[in-house]
Amino acid sequence: MNEDIKEILEKVKAGSMSVDEAFLSLKVQPFEDIGYAKVDLHRKVRQGVAEVIYAAGKKPEQILGIVETMLANGQDQILITRLSTEAADMVNAKVSLSYYEDARIGLVGKMTKPYGIGKIVIAAGGTSDISVAEEAAITAEVLGNEVVRVYDVGVAGIHRLFAHKDELMSAAVIIAVAGMEGALASVIGGMADCPVIAVPTSVGYGASFNGLSALLSMLNSCASGVSVVNIDNGFGAGYMANMINHMGVKA
Amino acid sequence: MNEDIKEILEKVKAGSMSVDEAFLSLKVQPFEDIGYAKVDLHRKVRQGVAEVIYAAGKKPEQILGIVETMLANGQDQILITRLSTEAADMVNAKVSLSYYEDARIGLVGKMTKPYGIGKIVIAAGGTSDISVAEEAAITAEVLGNEVVRVYDVGVAGIHRLFAHKDELMSAAVIIAVAGMEGALASVIGGMADCPVIAVPTSVGYGASFNGLSALLSMLNSCASGVSVVNIDNGFGAGYMANMINHMGVKA
Amino acid sequence: MNEDIKEILEKVKAGSMSVDEAFLSLKVQPFEDIGYAKVDLHRKVRQGVAEVIYAAGKKPEQILGIVETMLANGQDQILITRLSTEAADMVNAKVSLSYYEDARIGLVGKMTKPYGIGKIVIAAGGTSDISVAEEAAITAEVLGNEVVRVYDVGVAGIHRLFAHKDELMSAAVIIAVAGMEGALASVIGGMADCPVIAVPTSVGYGASFNGLSALLSMLNSCASGVSVVNIDNGFGAGYMANMINHMGVKA
Amino acid sequence: MNEDIKEILEKVKAGSMSVDEAFLSLKVQPFEDIGYAKVDLHRKVRQGVAEVIYAAGKKPEQILGIVETMLANGQDQILITRLSTEAADMVNAKVSLSYYEDARIGLVGKMTKPYGIGKIVIAAGGTSDISVAEEAAITAEVLGNEVVRVYDVGVAGIHRLFAHKDELMSAAVIIAVAGMEGALASVIGGMADCPVIAVPTSVGYGASFNGLSALLSMLNSCASGVSVVNIDNGFGAGYMANMINHMGVKA
Amino acid sequence: MNEDIKEILEKVKAGSMSVDEAFLSLKVQPFEDIGYAKVDLHRKVRQGVAEVIYAAGKKPEQILGIVETMLANGQDQILITRLSTEAADMVNAKVSLSYYEDARIGLVGKMTKPYGIGKIVIAAGGTSDISVAEEAAITAEVLGNEVVRVYDVGVAGIHRLFAHKDELMSAAVIIAVAGMEGALASVIGGMADCPVIAVPTSVGYGASFNGLSALLSMLNSCASGVSVVNIDNGFGAGYMANMINHMGVKA
Amino acid sequence: MNEDIKEILEKVKAGSMSVDEAFLSLKVQPFEDIGYAKVDLHRKVRQGVAEVIYAAGKKPEQILGIVETMLANGQDQILITRLSTEAADMVNAKVSLSYYEDARIGLVGKMTKPYGIGKIVIAAGGTSDISVAEEAAITAEVLGNEVVRVYDVGVAGIHRLFAHKDELMSAAVIIAVAGMEGALASVIGGMADCPVIAVPTSVGYGASFNGLSALLSMLNSCASGVSVVNIDNGFGAGYMANMINHMGVKA
Amino acid sequence: MNEDIKEILEKVKAGSMSVDEAFLSLKVQPFEDIGYAKVDLHRKVRQGVAEVIYAAGKKPEQILGIVETMLANGQDQILITRLSTEAADMVNAKVSLSYYEDARIGLVGKMTKPYGIGKIVIAAGGTSDISVAEEAAITAEVLGNEVVRVYDVGVAGIHRLFAHKDELMSAAVIIAVAGMEGALASVIGGMADCPVIAVPTSVGYGASFNGLSALLSMLNSCASGVSVVNIDNGFGAGYMANMINHMGVKA
Amino acid sequence: MNEDIKEILEKVKAGSMSVDEAFLSLKVQPFEDIGYAKVDLHRKVRQGVAEVIYAAGKKPEQILGIVETMLANGQDQILITRLSTEAADMVNAKVSLSYYEDARIGLVGKMTKPYGIGKIVIAAGGTSDISVAEEAAITAEVLGNEVVRVYDVGVAGIHRLFAHKDELMSAAVIIAVAGMEGALASVIGGMADCPVIAVPTSVGYGASFNGLSALLSMLNSCASGVSVVNIDNGFGAGYMANMINHMGVKA
């Protein structure tokens, strides 16, 4: 496989392929089959970031196998989400790993130095939403963004949220994390003039129906400039915010 | 039937029945059968207000029949909800009726003079929620309450809501009417220190699912002092607010 | 922060600020940030009662931390809901705490002496609904209300409920707690002439779908004067009932 | 086809087939194919009643065709449900038909003379449930039962229901028809000591979700001796009640 | 309380109250309050059978307390449903109890000798539905019915069901128990000419959604004479079938 | 575009491309853009049948436009589903069209002569399911299959279904169309030893929820060899059955 | 109100207020009350674009009233969504309006000249999704973006989508509009390295349940960089894409 | 029972019954009752394959009992699905058993030698879907099919799927296994010209709602030739694919 890449690059060097062609060609390319997973080795090129491993439901040795294949192929930044403390310890025994417990994220390699249009503000409604908020925060930091955390600012005590008005108004992107009635996204969406990514969480009881209430609420936000990711999907929000914050900007 | 009432009252007069006994006895009493409906003639005693007719699904002549039976039995205030303009005209031809078009309410008799602990504030999220809000407002006014209307104050432009902070904070009861994401109830519940009755409306599109989104949102309000009535049930909210505003107070 | 309050009070003393202005100003005020939670120190002023801690999903040491911050700021009544026996024991080792096991409630400080318009009656459908009913009952008692418990009065044996007719009819507020078909709220709503707060519970099996059946049933109550809180939300019902029972009345 | 029946009967006459064998054999027998429907000609034998035509979605001429085929084969009692006034008129032009407008039922032939264990009481919650209640009532009457109608007895005015206590307690079977919160079935189930057939109706608004609320409520009835048929299925309830009332009794 | 009963009986004896009046009066009568439950002591009179204890969610000592109160008041047949083996052992240590493990039912006292119109046939779709089917079967047997069990006759192998055609056709009542697609009720409803009580079970996987699929299927049965009880509610079906089988018949 | 095809074919002729390569290459090829639709001109090659136009929501002139583009490109068999009588007439004015009213299908060109492994049997539960069944039947016939129709064989009168046992058992593929409880698929799946395609229909009322009940029922079929298509998707079933019946067989 | 603005601006002029302070202050400011709507006059400052009027459920004269108030206050670009042809004609009679019929959008004023990071590509699954796609497209164009339309590229004919690979890969933002199974968002999300805004549409039949199927599908997209707006909310997607495309760029 | 079979066969031998009659007659025949299950001994004849035991919810000794009854009656190939490792070990102690751990399948007897029209390709979206995919694969292999596994080819990295284009295009049947958004079935359905059986899996989180999202997605596939089995029902898909691949072909 590495042959393919070399071949392409040599063609470029030789002038028989333009840089643009080479770039497009690399985008639609290869992966390595290690039995239980097809490891995608060019995602960094194709989507601008390193491979991400979703650890839930994978055994520690499988995670380790994927990490090692990636390292062997020259990946130098690997993000592992939904990683339990136990699995992190097992991987760490073989491969150096930074572990962020609240976010349940492991990182092989270093965080990218922050760059981009501005700051990503992450607002969370309650103490119980913090785990999802941290997944978003660490994801955005690893990918090279400055992150501002504004936690415990639920709409039922809206003066707490307003104490952070300036941070919200000067953000490049805002991630609004909330369970229960999920109103945070609408209120923030109406205050700010930047894109807002809403993350419903499964926090709540009774008629919250595991995040359904917050999800519907956020989809129905009457504020413009709000879009929604899956319930508890902190990673997805962090990733999307990173993309937006890096629009037209080189690291 | 009037015999029963007389009998009770004469017993009271004669001293063979205490006032309290008579009152309790009247509470569990009669109704008149006019074929298509059992008209409840003592509800004014039992629940403190006149009979209410839910006009949806009833023919104009049925509505008229119920009204006339009530008048013949001495009812002097009859509230008719979900009354179409056409049906109002037909009833009005026979019986004098005030009609409130936005609220789809007809009133036979006069509004009760306002009294109670304080004012009932009715806050509505958007232009399209006004019909439900008016149903609540007219209901409360008919039953003897001063009503303050605060419309078009959805959470996506929360500064509009804050312009009414003083009204909200000095209310005796607040009715929060909202469709779409229904966040208004939570925000108001967190600002005010009086009971909030939330009314989800079926306004919205896509994933609002005819009011389900707003309903769940309101039930999950993380603010204390918020309770909820059925989707679009403006009457129920106005009635409940009236009850609360008249706590321990005589007309 | 205490500076702000002093400043306001001194302005009042000096006559440069009216009492009313001062009160309104304090209502929209501060909180203290202890890392994992923004402790709201003026809620007693703003909403008339002490801070409430929702213990579910918080670690005992976090609960303790919040309690201690509050005590240090002069809070003298702290209600802790959804508190497990284990967490209660751990908090109690440091701070004196009354624990109500059936209600899963802890109380730091004393119950407020009962006052208000009348009694709060709490009716529960079955033995299994008692935990939720007790959460409502203790909440109301802590906040200063006389509570009458009427348990095991499901509608399938409606003569049991009728044996308590006088209590229901003389109540200031009624809380109706029921799972399964949730009909209790409708029947009580039709009998009583005071506000009824309905609490659906997740008790039941098969098609009760974790409280959904009771919730829909209560929302559709054809009786007037009934409003609904979230499934199993005994605290919310007790709090709402307390607000209503204290309408226009000073402690 | 009639040959088959004759053959069987002659075998019985000749003694080569026992009466029991003949009866069982007839139970599993024929139907006539008229293109758009297989008309079941022996249902009277098999299930004890005449054929029933569900008219919704069938054209008047199709209904007429089925009726004529049945008459030609000796059926003398045909029940047609969900029959519109228009279709009834068209059928009536060719075949003599009694039409019950409230119930949307047409009857070819005569009502069976009432017999059975006792009376079937049909209780309905509100004016708007009457159409479904009448479908049940006429069905039961056609099949030979004495029916007692107790309408407009919703649980929110439970004293109305109690005025009919004696009728309910002396019933052989009760059909409880209710929309909205559907609590009627539970209350009646707890009062009576006979089988109760509950029919949820699609009457209601907001969170009644076209009968879902009443359906769940009735399924979760905590009273014993209650079973449920489909939403708005008055015919099904009347048929079931008829079966029960005729247990062990000959016409 | 026993005083009330004596009083009534003496009135009857003295001729100042008719037997009928006395019976009706007893029907609407008393219960004993033992703190955690209001024990209904006259249900045998009111509904014709002994008290039933739903053991799920009750502690063994609570169950024992209820049983002892009942015995002290002269109840001689007590049915305990959803009784675990452990709880059964604990109760049995104090009070003699027959325990039916498959049905999770305990019986204090003796089974009633079978009587009634005919046999109750209980048909179950699969091996996994047997627990619910047995709950129905033992309930019916305890209350005095002859029961015929026809298990493992799912519609996917419909010839198995047909091998029992004669039993189905000669039944007085049939209980059809099925999970998954729940088609058993429809097929049996079309074959038999007696009332069919359908019990959906939560057996199944994937899109069976804990019995919802079977429940909807049974409610939509196109056969007449089918009514439905709650998911997994074997007791409810057995009780209903008992009522029907005893129509017009004395034990 | 036609150039591409010629080029390929000439390469094949010239021997520079194998037939297999040519075939695969054609499979992944072109379409023509006519503004409101990209007409897929090689579907006949790629999927073995002509283009199918789903007419619902398209204007008659758009349908005509697509048909004419196809004809101009040499398509000689075009199937148009969900075609109203009005639209059929308008298309027919310009292009010769056979119209099957019950099935709402239009056909440009001729039916393919039947071939394949055996017959496709289409079983439908009730009169109201016939439209969906006919959509399946005509689709299969157009594509070249012998179809046997077995209608009005719902499971509530299962002897009607058994009268067709031999047809069911000798089928190559069976399509089972049913609304309401959808049990037909399970019963047939248990009787037959060929693949069964189940089509839930939206026929039914009350708790059938527009086909959801039948859909869940069919997905939960405990018979093996049953798979399901979308609600009312008669075309999909006919197409799938055609594919199966033509397995390994040339027209 | 204009006084406030002047006051602020004069303070700035006088140097007593910095430009930044003034800007923040204006952001949290005024609106004008015209009875049926509070017209938000500073949204252009607060969120960077002109006011948007959601015309559904508003009468033509109300729309006109809002437009005129805005024009009188100096708004020079007003976007009106969900505007019917009839309402557009009525508004146009008084105020010059460009009307985009497919998109159901009216524009008072001129389109902003395109600027931003790159192009917005709008991909739509089927002919029937075009109305929603156009709402997104016109919204983005009005707000100043170059838009590329790629329609009729559903995943069932994925080679059609691939013919547009270069456009998708060079986009700044992609909007993926799809009904039915909604897979388009996932496929595009995996191909592109820019943010993807997914819009589920209510197109489809049977088990698409008015867009629910597509909505769930899009939320569950396993591709990173995909977020979702409400069903059929083309405006929301166009607005969000506009925000992202203008990140860090001045018009 | 074996007598019946002998009798039939002797009739055939004697010429008094044709082979065809005998075959049809055997198809509708017997089973053996072993108490907890009616073992179906002729399914091999009736449906062309051996009995399948669904082990979930059955005790190891019950499984063993069924296996032994089958062996005693001459069954030589028994497939056991959802078999845990523990149960497999217990059965294996008595009866020789091959166990496929990933697929949770046990096999008594030998795999059938592959035959049929072509290969069955099984495509799976993610690592976590492999268990369901393997259930399908082993089922198909046991029943005599050549299986090609194409795993980890989710649509978010669609170039991985395209690397297998040739396998997909030359398959006789394809099984598409996917959770989350379930788009795999549509994409494959559009590429291939053979029947596609789609299996939604319960893999996913948040709004995947245990497979509901994938299920709806697959049902709404806009590609023709796709049908769906129950969530996680790998066996059902493998069985259906086997049926199709053996159309018109003898082993």
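Lettered A, B, C, D, E, F, G and H in written order, each chain numbered from 1.
The criterion applied here is as follows: contacts are C-beta pairs under 8 Å (C-beta built on N, C-alpha and C of every residue); 3 or more make two chains touch, one makes a residue touch a chain.
Quick caveat: nothing in here was measured; it's all calculated off a predicted structure.
Participant: Tell me which chains count as touching both chain D and chain F.
Facilitator: Touching chain D and chain F alike, sorted by label: E.
Participant: What are the mutual neighbours of chain E and chain H in this structure?
Facilitator: F
Participant: Between C-E and G-H, name the chain pair that shares the greater number of C-beta pairs in contact.
Facilitator: Answer to which pair has more contacts is G-H.
Participant: So, comparing C-alpha centroids, which chain is the farthest one from chain H?
Facilitator: So the chain farthest away from chain H turns out to be B.
Participant: Counting in whole Å, what is the centre-to-centre distance of chain E and chain F, each centre being its mean C-alpha position?
Facilitator: Chain centroid spacing, chain E to chain F, equals 49 Å.
Participant: Measure off the straight-line distance from the CA centroid of chain F to the CA centroid of chain H, and report it in whole Å.
Facilitator: Chain centres of chain F and chain H, defined by C-alpha means, are spaced 25 Å apart.
Participant: Using mean CA coordinates as chain centres, what's the gap between chain E and chain G in Å?
Facilitator: 60
Participant: Taking each chain's centre as its mean C-alpha position, how far apart are chain F and chain G in Å?
Facilitator: Inter-chain centre distance comes to 39 Å.
Participant: Would you give the residues of chain E that are in contact with at least 2 other chains, written as numbers and ranges?
Facilitator: Residue numbers touching two or more other chains: 28, 157, 206-208, 212, 215, 219-220, 224, 230-231.
Participant: What chain pairs are in touch here?
Facilitator: By the stated definition, chains touch in these pairs: A-B, A-C, A-G, A-H, B-C, B-D, B-G, C-D, C-E, D-E, D-F, E-F, E-H, F-G, F-H, G-H.
Participant: Where on chain D does chain F make contact in their complex?
Facilitator: That would be residues 28-29, 31, 36-38, 40, 56-58, 62, 200, 202, 211-212, 215, 230-233 of chain D.
Participant: Along chain B, where are the residues that touch chain C in the complex?
Facilitator: Residues in contact with chain C: 24, 27-28, 46-48, 52, 117-118, 165-166, 169, 172, 193-195, 197, 215, 219-220, 224-231, 235-237, 239-240, 243-245, 247-249.
Participant: Quick check: in the complex, which residue numbers of chain A touch chain B?
Facilitator: My answer: residues 125-126, 154-158, 180-183, 185-187, 189-191, 204, 206-209, 212-214, 216-224.
Participant: Of all residues in chain G, which touch chain F in the complex?
Facilitator: Contacts found on chain G: 127-128, 130, 152-153, 157, 159-160, 203, 205-208.
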